[in-house]
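Listed next: structures, encoded as structure tokens.
Both of the next two complexes hold chain A, though its partner changes from chain B to chain C.
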Partner chain A sequence: MRWMRLSYQQDQKATAILYLALPFVLFAAFFLYPIGHTVYLSFFDWNGLTATMKPMGFGNYRSVLGSQEFLLAGLNNAKWLAYFIVVPPALGLGLAILVDRLRRGQGFFQTLFFMPYVITPIAVGAIWKWIYNPGSGLLNSILRAIGLGAAAQNWLGEPRIAVYSMMLSASWVMTGLPFVLYLAGLKTVPAYLLEAAAIDGAGAARRFLNVQLPMLAPTTIIVEAFSILGAIRLFDLVFALTNGQPNIYINVLAPLMTKTSFQIFKMGEGAAIAVLLLLVTASLLCPYLIIASRRAERVKL
Partner chain B sequence: MKRFFSKALCGVALMALIAAHGAFAQAKKEANILEIWHIWTAGGEADAFKALTDGFQAAHPDVKLQLRTFSEGGELRQQLGMALMGGNPPELFYCPGPATVLKDFVDAGNLAPVTNVWKAAKCEENFDPSIAAMYRINGDYWAMPLNIHSENPIWYNVEVFNKLGLKPPKSWNEYKTICDTLKKNGIAPSVGTIGWPLPMTIEPFIVKNAGVKGWNSFLNGKLSFTGPEMRQAFKDWKELYLDQLIKDWTGYAWADAAKPFVEGKAGMYFSHGDWLESFFKSLGMDESKFGFFFVPAPDAGATPVIIVDSFALAKGCANPKLGGMFLEYCASVDGQKRFNKIKGSVAPNKLVPADIYDATMSKMYAMYRQKDTKIIKDSGYIFHNDFQDKWKTLLGQYALTPTADVLEKILQELESKRTTSQFVVWN
Partner chain C sequence: MSFGIRAEPSTGKARRPKPATALMGVARGALLAILALLFLVPFALAINTSLKDQREVWAVLSLPSSLFFGNYVSAIAKISRGLMNSMMIALPSTVLSTLVGAMAAYPLSQLKFKGSGAAYAVILAGLYVPYTTVLIPLFFVIRGIGLYDTIPGLWVTHIGFGIPYTTLVLRNFFITIPQELKEAAAIDGCGAKGYFWKVLLPVGRVGVSACAIIQFASIWNEFLFALTLTRTPELFPVTVALQGFGSRTQILWGPLMAASLITIIPTLAIFLVFKRQFIGGLVGTYK
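Let's look at the complex of A and B:
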């Protein structure tokens, strides 16, 4: 490239820019532009089919925030959030501690516990719909077979318990990721710290609480961040378990947004729901990451 | 040199990405691909569509069919909307009729008219005028009907009825007596399901209280939800439907709900489409073991709510000519024979011989031709999606929590929605 006569530093800069150009273009095209366009769309009344859009100002937001369906869906997302930040991480950590102690078969259990995480949600929905079928499903059949027929429920059809039934199936899927992250995290805890604690008389519980758990802080930050995201963006599992038609009592915001945009053809209102979802996610995730990262730094020091 | 090639590679990759999109449509055209989107995923419905496509393929072996299925129409419309926005729609997609959504697509300029196909296939001569009217918008035809379904027969288990000495009722009082008898004998009067079929189950009670004339007012948005007819319809719906359902009915999808009916654990399958016939058979139920009836309306005999399965041609698709060829085959006697014989529906083409119908569909065919039968349109497709979704959502809410408070709340909400919504008046 002698004809360009760039200095070494200029050449380094040009190389970096050129390598980043394609990823940035893709990032702008598939991330920044859709977000910007969605925000723009949220101020219009548009059915997604016609060429013209009618300006609405904040009309879509008023309509969405005043809708009972939206408020119930938001409440359900809050329930899922409370659940996701506690149960799958706790289960994942528990399994990781158990598997970490195994001398043999760690690989087998890693595969076993992580496998549900990679199964497509539609398949997960099909499996759990069969398990939860009130007439001939696996769960009710087992309960009846062992004399607990009175405990057999309409797991997905009874509004009071449907959300919790779905949470149980979500546990099966969502525990895999925290498990592998925590397992990897446990292996990074320096052995000498554990030995020193043992010499000082700390039992297993103390060693876990005072040595391993604090050292797992960076892993916990990542796990909880995924949990928050998973709860707010929840779509696939609810969609799959309800044949694509969650009722008003169990619906969450992402399927509601999809239905509003692509089935009712109210793209502007759907975009407003998407923007509200983005704001909620950002307002939860950003402060969390900042505060949690600072705490993790202090633990490291 | 190494740096030059690595920078050049980035540029080439970027250009390739941009070129790929345009090449895709051209490749599809050159490969003679006909892409069809439909909703017939399983059982007799899937077999019927396969019979249709096999017939077309035999007549046109050079055409490559690319079929895509969806679990239901809403999901198809969702994907279709995105494909239309992206400028890469399928040639043909399933579209029901009569349907306001068809009109929406026409108004938005997303469909290609198929008037020339209707002329070539002589559809105006061979189809019933009421069917033709469903697809004529602004003087052109916009989709091709394949079959006629009735969505509200009440199916009954013949063995269960015979065992208890029951006969299909001729009035709602007789129907109530049947329900009581079934319950006394430990059999659930009916199966049911939540979700998209739910509005079909309240329709008989709207007709019961408002008549056929009132039903048309309902479709045109003129029937008040807080008026006496609708209030009584909801009361009847609760007493004669919701209170008669099998335990845990909300946990069944429509296909799952057929199993307890087939097994004789429920006496009836209330107000669900005649596509169930092929489904019962696929579950091993002999045709002699199930039947159907309609309870007469106050101002008519049977009032079958019809929906018509059809295909529309998307504007901007790669191979519109192939789409037109398939539509012409759909209108043909051979195509309609192949499809309707297995699907369990009635062919709109009057030239299709009646001997293709089995015993059940022959009865359905005969019922359509009775003098006092009044064919009525399906609310699910007449209402705009916005109103239809509100209707379905609030019905679901009441079905899950059928209290007086919830009823009053939803009636007020529906009335408010009715007065602010637009309705298309179909002839």
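Let's look at the complex of A and C:
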């Protein structure tokens, strides 16, 4: 029977190669090659139209890092990063705890709080532009109606507050994913653990801190990884809320990169911004990648 | 009931709810109700505004004096082409990217071969790539193969960038299908090649459909690739059309709200109908 087992294994191996070939070719074409080529382009001066490419060394990086536009966008991205790490996960966890204790209606609230997450950010931007409209927008209209007209603002036009206004609208959208992940995570905490803690005299707060929160650690790792990524990928919402032309005081790096590359045709500088973003992402997410690859290897087949 | 302890005190000790606990419950309910209303405000605003004629739009806080559907007529005139394009983009991309993800997920979950873990880790790493990093070469590749400003160009793009996600979802799902099934199929003469089509896809259809549902929503909602890879307004998907519509100097809020609501109907409907698969797919992916 030895030859049969061998051929079974060979069959498995041949099939694996056959099935992985197309996905890997596409993966190489859409991830590996473009990343490499972006790094390459970042060392050249090129307008994307002509064939001439002038080698620049680190010149693109120097001019990008020295420009006020880049530094302002980078600073805003840092604010967004802090926001993404703290606010949507905390809101999602809070909502999950509230909903998890309901006896009835959990499904209803799950639908409700998750709904904004499934709609396109461009529509979210359109609706929130109307909420923030300085003339007759919802927010200013409410403020005037309750006699707080003096507090009315140009929410998206005033650079000092525009970033925070955008964050509020982002909260409406971004809370959904952490919320459903935490709600699912809370269901995995065995009831007997909570019961035992309660018998030992632990109040609701202690039961949460000492029993539930530690058991939610795997969920938190995933939630935070995708929050960080969300901050770096941030594009659509800012684009939609600013009519596609964010001014330099409220811009972030992804729209700055597309503007640099595809509107003013400085491919080299655009590529340099892209590479810097990749480096930041890699350094922030490395721990997560290591965890993910360990998990992949640990799985027994 | 998740908190078995509250629902049914199983021990002999009778546990009456303390007044403080009951009060907490009421406070929690009130808080949830307020939050729920706040979450509904943007939807309510959009619906309310979309049903008013131009003269009433500015009185944001009042209800329409009579229902006005003209905004929907002008919104459809503006974005119907975009809706069709989005369907033409999203449907084939969804089917093909789910299939390609399943092709990758099959060996990574069911077959034994050297380097399986490493291959999976490489594909997973793709999940964490910021799209800006691939955008310039993507533009030139798509243009180089003659697919710039075409709908097939977006199919290819969505299939390619869908790979990490679809592979992850489907691998996590396929791995729950027992190996014994494959061994039984092998005894019946089904080789590893045929197993994918004949057994795995039919048996795994729950996971495959969850993956497809989520992929459809994310492709429908996608904006950055569409913006970068199309130029002709007749080919814009609805997200790009809506963005252009909402960026005029003189915004007509009634039609814009109507257009926004129409744009979100397909994904919202899919989510409401397939909620279990949708959320189950996301939770299963990220666990």
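The criterion applied here is as follows: the second predicted complex is superposed on the first by the 280 of 301 C-alpha atoms of A that agree within 3 Å, B and C clash if a C-alpha of one lies under 4 Å from a C-alpha of the other, contacts with A are read in each partner's own complex, and residues count from 1 in each chain.
Here, a residue touches a chain if its C-beta (ideal position, glycine included) is under 8 Å from a C-beta of that chain, and two chains touch if they have at least 3 such contacts.
The structure displayed is predicted, hence computed values, not measured ones.
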Quick one: on chain A, after the overlay, do chain B and chain C clash, or do they fit? Just give me the call.
-> clash
Using the superposition on chain A described above, determine whether A:L49 touches chain B (first), chain C (second), both, or neither.
-> first
So, does A:L18 touch the first partner chain B, the second partner chain C, both, or neither?
-> both
After lining up the shared chain so the two structures overlap, which partner does A:F262 touch, if you call chain B first and chain C second: first, second, both or neither?
-> both
Which partner reaches more residues of chain A, chain B or chain C?
-> C
Once the shared chain is lined up, is A:L138 touching chain B (first), chain C (second), both, or neither of them?
-> second
After superposition on the shared chain, which partner residues are touched by A:E195: those of chain B (first), chain C (second), both, or neither?
-> second
Who does A:I248 touch here: chain B (first), chain C (second), both, or neither?
-> first
Where does A:L156 make contact in the superposed view: on chain B (first), on chain C (second), on both, or on neither?
-> first
Between chain B (first) and chain C (second), which, if any, makes contact with A:E69: first, second, both or neither?
-> first
May I ask you to decide whether A:P116 touches chain B, chain C, both, or neither, giving the answer as first, second, both or neither?
-> second
Chain A residues contacting chain B in one complex and chain C in the other 11, 14-15, 18-19, 22, 48, 129, 133, 135-136, 243-244, 258, 261-262
In the complex with chain A, residue positions of chain B that touch it | 3-4, 6-7, 10-11, 13-14, 71-72, 74-75, 77-79, 81-82, 84-85, 104-105, 107-110, 194-196, 247-253, 256, 259-260, 385-386, 389, 393, 396-397, 400-401
So in the complex, which bits of chain A are touching chain B?
-> 1, 11, 14-15, 18-19, 21-22, 25, 47-51, 69, 129, 132-136, 153-159, 242-245, 247-249, 258-259, 261-266
State the interface residues of chain C toward chain A in the complex, per the touch definition above.
-> 1-7, 24, 28, 31-32, 35-36, 39-43, 45-46, 49, 57-61, 100-101, 103-104, 106-113, 116-126, 128-141, 157, 159-161, 163-164, 167, 175, 179, 186, 191-193, 196, 217, 220-221, 223-224, 227-228, 239, 242-243, 246-247, 251, 253, 256-257, 259-261, 263-264, 267-268, 270-272, 275, 278-279, 282-283, 286-287
Touch list for chain A against partner chain C, complex = 8-9, 11-20, 22-24, 26-27, 29-31, 33-35, 37-38, 41, 48, 95, 98-103, 107, 109-116, 118-131, 133, 135-138, 141-142, 145, 172, 177, 180-181, 184, 186-187, 191-192, 194-195, 198, 204, 218-219, 222-223, 225-226, 229, 232-233, 235-236, 239-240, 243-244, 253-254, 257-258, 261-262, 267, 270-271, 273-275, 277-278, 281, 285, 288-289, 292-293, 296-297, 299, 301
